[in-house]
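Working notes for the structure below.
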Amino acid sequence: MTAETIRSLTNEEISLIRKEFPVLQQKIYGKPLVYFDNAATAQKPDAVIKSLTEFYSEYNSNIHRGVHFLSQKASDAYEQVREKVRNFIHAESESEVVFTRGTTESINLVAQSFGKAFVTEGDEVIISAMEHHSNIVPWQMMCEERKAVLRVIPINEKGELLTDELEKTLNSKTKIISVVHISNSLGTVNPVKKLIAQAHRREVPVLIDAAQSIAHEQIDVNDLDCDFMAFSSHKMLGPTGVGVLYAKRKWLEALPPYQGGGDMISGVSFEKTTYNEIPFRFEAGTQNIADVIAFGTSIDYLQSLDRKRLLFYEHQLLSYATERIKEVEGIRIIGTASEKSGILSFLIKGGNAMDIGMYLDTQGIAVRTGHHCTQPVMNFFKIPGTIRASFLFYNTISEIDIFIEALKKAARLFHKK
Amino acid sequence: MKSLAETEQEIIDDFTFFENWEDKYNYIIEIGQQLPSLNDKYKIDELRIQGCQSSVWLHCSEKDGRIYFEADSDSVFVKGEIALLIKVMSGKLPDEIVNAKLGFIDTIGLRQQLSMTRANGLASMIRRMKQFAAGA
Amino acid sequence: MTAETIRSLTNEEISLIRKEFPVLQQKIYGKPLVYFDNAATAQKPDAVIKSLTEFYSEYNSNIHRGVHFLSQKASDAYEQVREKVRNFIHAESESEVVFTRGTTESINLVAQSFGKAFVTEGDEVIISAMEHHSNIVPWQMMCEERKAVLRVIPINEKGELLTDELEKTLNSKTKIISVVHISNSLGTVNPVKKLIAQAHRREVPVLIDAAQSIAHEQIDVNDLDCDFMAFSSHKMLGPTGVGVLYAKRKWLEALPPYQGGGDMISGVSFEKTTYNEIPFRFEAGTQNIADVIAFGTSIDYLQSLDRKRLLFYEHQLLSYATERIKEVEGIRIIGTASEKSGILSFLIKGGNAMDIGMYLDTQGIAVRTGHHCTQPVMNFFKIPGTIRASFLFYNTISEIDIFIEALKKAARLFHKK
Amino acid sequence: MKSLAETEQEIIDDFTFFENWEDKYNYIIEIGQQLPSLNDKYKIDELRIQGCQSSVWLHCSEKDGRIYFEADSDSVFVKGEIALLIKVMSGKLPDEIVNAKLGFIDTIGLRQQLSMTRANGLASMIRRMKQFAAGA
């Protein structure tokens, strides 16, 4: 993306966008909310909230087997979201889209089902040193069960993946690679397309943890050629409780089911149970119908905007914040990769991360502090945690100014010590 | 012999008389009850299309370059839908069948009822009909 | 419950209740909706819908590790629901309440984790012949994996469990029993307290599938003394996408985690990961925060009513419907147990279940048709499925009258054939 | 020596001067910064209470029938909270400590900040203090 071809958002556009997000109108302790905790969860536009109210007020019903009006309306709305997701990520077919509870469940599903089908004693699974716990623990659990080995691609001091190490780690025992697209604690954007090509030369499939990238990149699974992708609705303006597992048809068809129950079967008897076709085979029990439908609305909302421009603007926010934060005494930025997305992790000398987070809270500024579910990253940098500000296109330059001034005060507060 | 498009239009014309879903339902049940049963020898698993709540047996044949369909179901409503489909598709040329858009399903307002995709095998039935025609 | 001591709902009370459910105000094809598909999912009162809107408009945020105002408010609201659930089912401690995606996930969690900890080759698991697929398939999958045997307590022609058979089936290899409280296709209320006592004499733990009973009985896990209980929010006026696994502390502490990810750990490193305390150990990843909070509102709503009277009224609805349906020519009721809850499954001679369901739909009446995810029950009765009307306290006697008249018409329609 | 209830009341009185969360925060940070550090020999795992984002070390002792607490944390805010707790609890009789309701936490409006239960170990710290007093 270059400044020549893409116009950033204008102030008017931003303020129109902000009007659609009711939480952003809140005051916290009498001060306007500055919401910089977007990597944890994004705020929801009115349209998304409204679609929940509409569902529950107008056509709430269980789906699939119902022959009555409400059930058909709900089933249609639910299944349409599969097509919306397919289109959003450029998958080939909507039957490659499985609805889950979130990124975490999507990864657990793959770890368990893929493990059962393909991993045996001595096999290897590769992840990176910057993974979120949700992309570590499921693999650890599976590897322990199957006596397989978890191998880890290291990172450098800037928080970049040492991609050369992948080549050395890949071998004939490697069964799958699972790697994050954008690190939630460092902001690093990994060269996943390259990694996938590299893995494919060895015929090793790749899962991309797109929890952070789904809202901050334009994802094309076809172009990336990834085998699996996991992401959550709540980080892309949709409701909590919904996520997606995208998987190439050949994989979905090869994987054994993960959970058993209603809707995922084609026939049940005590002697023999046969499973439904994909993707339904992976959706056991009553689904999160309302939230899937509202998730569809969040996709519509994102699609209605010019995403190229949004993403360009988000990069501007990051650059501006990264520049200005240097004015704060004792600042140390954690994560200085050359390719970064709108996440700024840092520490202030003498100040405990939580204390600073709480100070920012007194100013109505919401950031996250701690290990961000990436303890291995913290161990690598030998720090207990960071303060993390994460941006979305509804944030503004003047919010960053407020944030920087507050940080300066915090730095003084703890400098005394 | 009427073209596929012409028979579709006839059905659309028929349905303009019905004001609501109940009338349509009753009409479809009526023609479902009138559709002759399929010979039992064709009610075999190979010819069966499994929906979630009803089964359809579809027998396809070819004669003098035209394709003929006979079918049956344990649901009278599905038989009614079949009757409409047979009216449109049976006795037509392979090309017509393969290329049929079957817009009438939308126009007569049945789409909504058919959209409980997994509750009946209509979509699969259309697919099978087209497959047979394509192979003929 | 006896008519002497409990007053039923008055018409005024019912119409006040109905006003709170927006879906019930809908017209379907110009006719007032008669919603008799409550066993599939219940409608939601305004308060529940409003609490979703409030969350997303006022304090949407990710929970637990956040130090900012919104996150604390959301965390508090979320954790309060645990206490509400505890109180609703009379559990000893809120740490015995695990939030899941629904009944299906709760059962899968137990099947997998209990299986890993306690089930080995040759062991036995007992279920009943009237289980929902969600209480069959997870056990089949686990038993296949662990080479254990699934044993089934049969039912009689009335749809009652042959409880004597349990005694014969129980043996030293029995590791767990999982049984439904109220059958969703037959309406049978099983004598679970007796079954649990029977199992406990052999020191075998029992899981109760309370998906149907949670809204239609007053549940007391302490009194029942069950080891595990599973149920879904969406069947008790709450949102889709949330369920509960109740488990006695000793079991929760003994079970290995089910899914890995954020929030369920206490420390992660590539060498050694340690898990969080219960119940958090079983809640990996971002939870369905908004829906859990709204689920709390549905509990508040239920608690605000006199449940004894509601349940008494529901029994009256069932009795009335069961009596009147006999007027319909060719009627056959499936499920005639002496203890029944508000579920009426039936067939009409000459009429295919789906055809009749669709006819009822033309009249604005929503029922469910098919096997209701209990194919073994259908096989037992040698039928492909049934038509099922299921009642909740917002239904009325006059809705049943409408339903019976429509059924009579349907019977005539298919009698012609 | 003041009773536990009396010290609680003193703190409540102090806090009436603060109008908002920022003022309270600043005050707590101030007293946190003033709380003497714990001798390093007590900063051992056995005396550590693990919160999600901060650690607390708590050293309990008994002298002449009264219980004394010293503590430290890597968070100044938590140290401030500790300072308040120590002011209320340290030097008191075992019975007073065991029965302390610590209503002041609510009254001074700290409950909300403490309710991020898992973000700091305050609740566990109170539990440990009471356990020690109960055993004394």
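Side notes on the structure shown:
The first chain written gets the first letter, and so on, giving A, B, C and D; residue counts start at 1 in each chain.
Criterion: a contact is a pair of C-beta atoms (placed from the backbone, for glycine too) under 8 Å apart; a residue touches a chain by one contact, two chains touch by 3 or more.
Note that the coordinates shown come from a computational prediction; the quantities given were computed from them, not determined experimentally.
A centroid comparison over C-alpha atoms places D as the chain most distant from chain C. Chain B maps onto chain D through a rotation of 180 degrees [Cα fit, steps of 5, range 0 to 180]. Here the spacing of chain C and chain D, counted between their Cα centres, is 45 Å. With centres set at the average Cα position, the gap from chain A to chain D is 38 Å.
Mean C-alpha positions place chain B and chain D at a centre distance of 77 Å. Centroids of chain A and chain C (each the mean of its C-alpha atoms) stand 32 Å apart. Listed for chain C are residues 29, 65-67, 71, 354, 358, 361, 369-370, each touching two or more other chains. Shared interface positions of chain D, i.e. residues touching 2 or more other chains, are given as 52-53, 113, 119.
On the chain C side of its complex with chain A, the touching residues are 22-23, 26, 28-29, 33, 35, 37, 40-41, 43-44, 48-49, 52-53, 56-62, 65-71, 101-105, 107-108, 111, 129, 132-134, 136-141, 150, 152, 232, 234, 239-242, 257, 259-265, 267-270, 273, 284-291, 354, 357-358, 360-361, 364-370, 373, 375-376, 379.
Within the complex formed with chain D, the residues of chain A that make contact are 29-30, 352-355, 358-359, 361-363, 369-370, 384-385, 413-414, 416-417. Contact residues on chain D toward chain A in their complex (touch as defined above): 20-22, 25-26, 29, 33, 52-54, 74-78, 113, 119-120.
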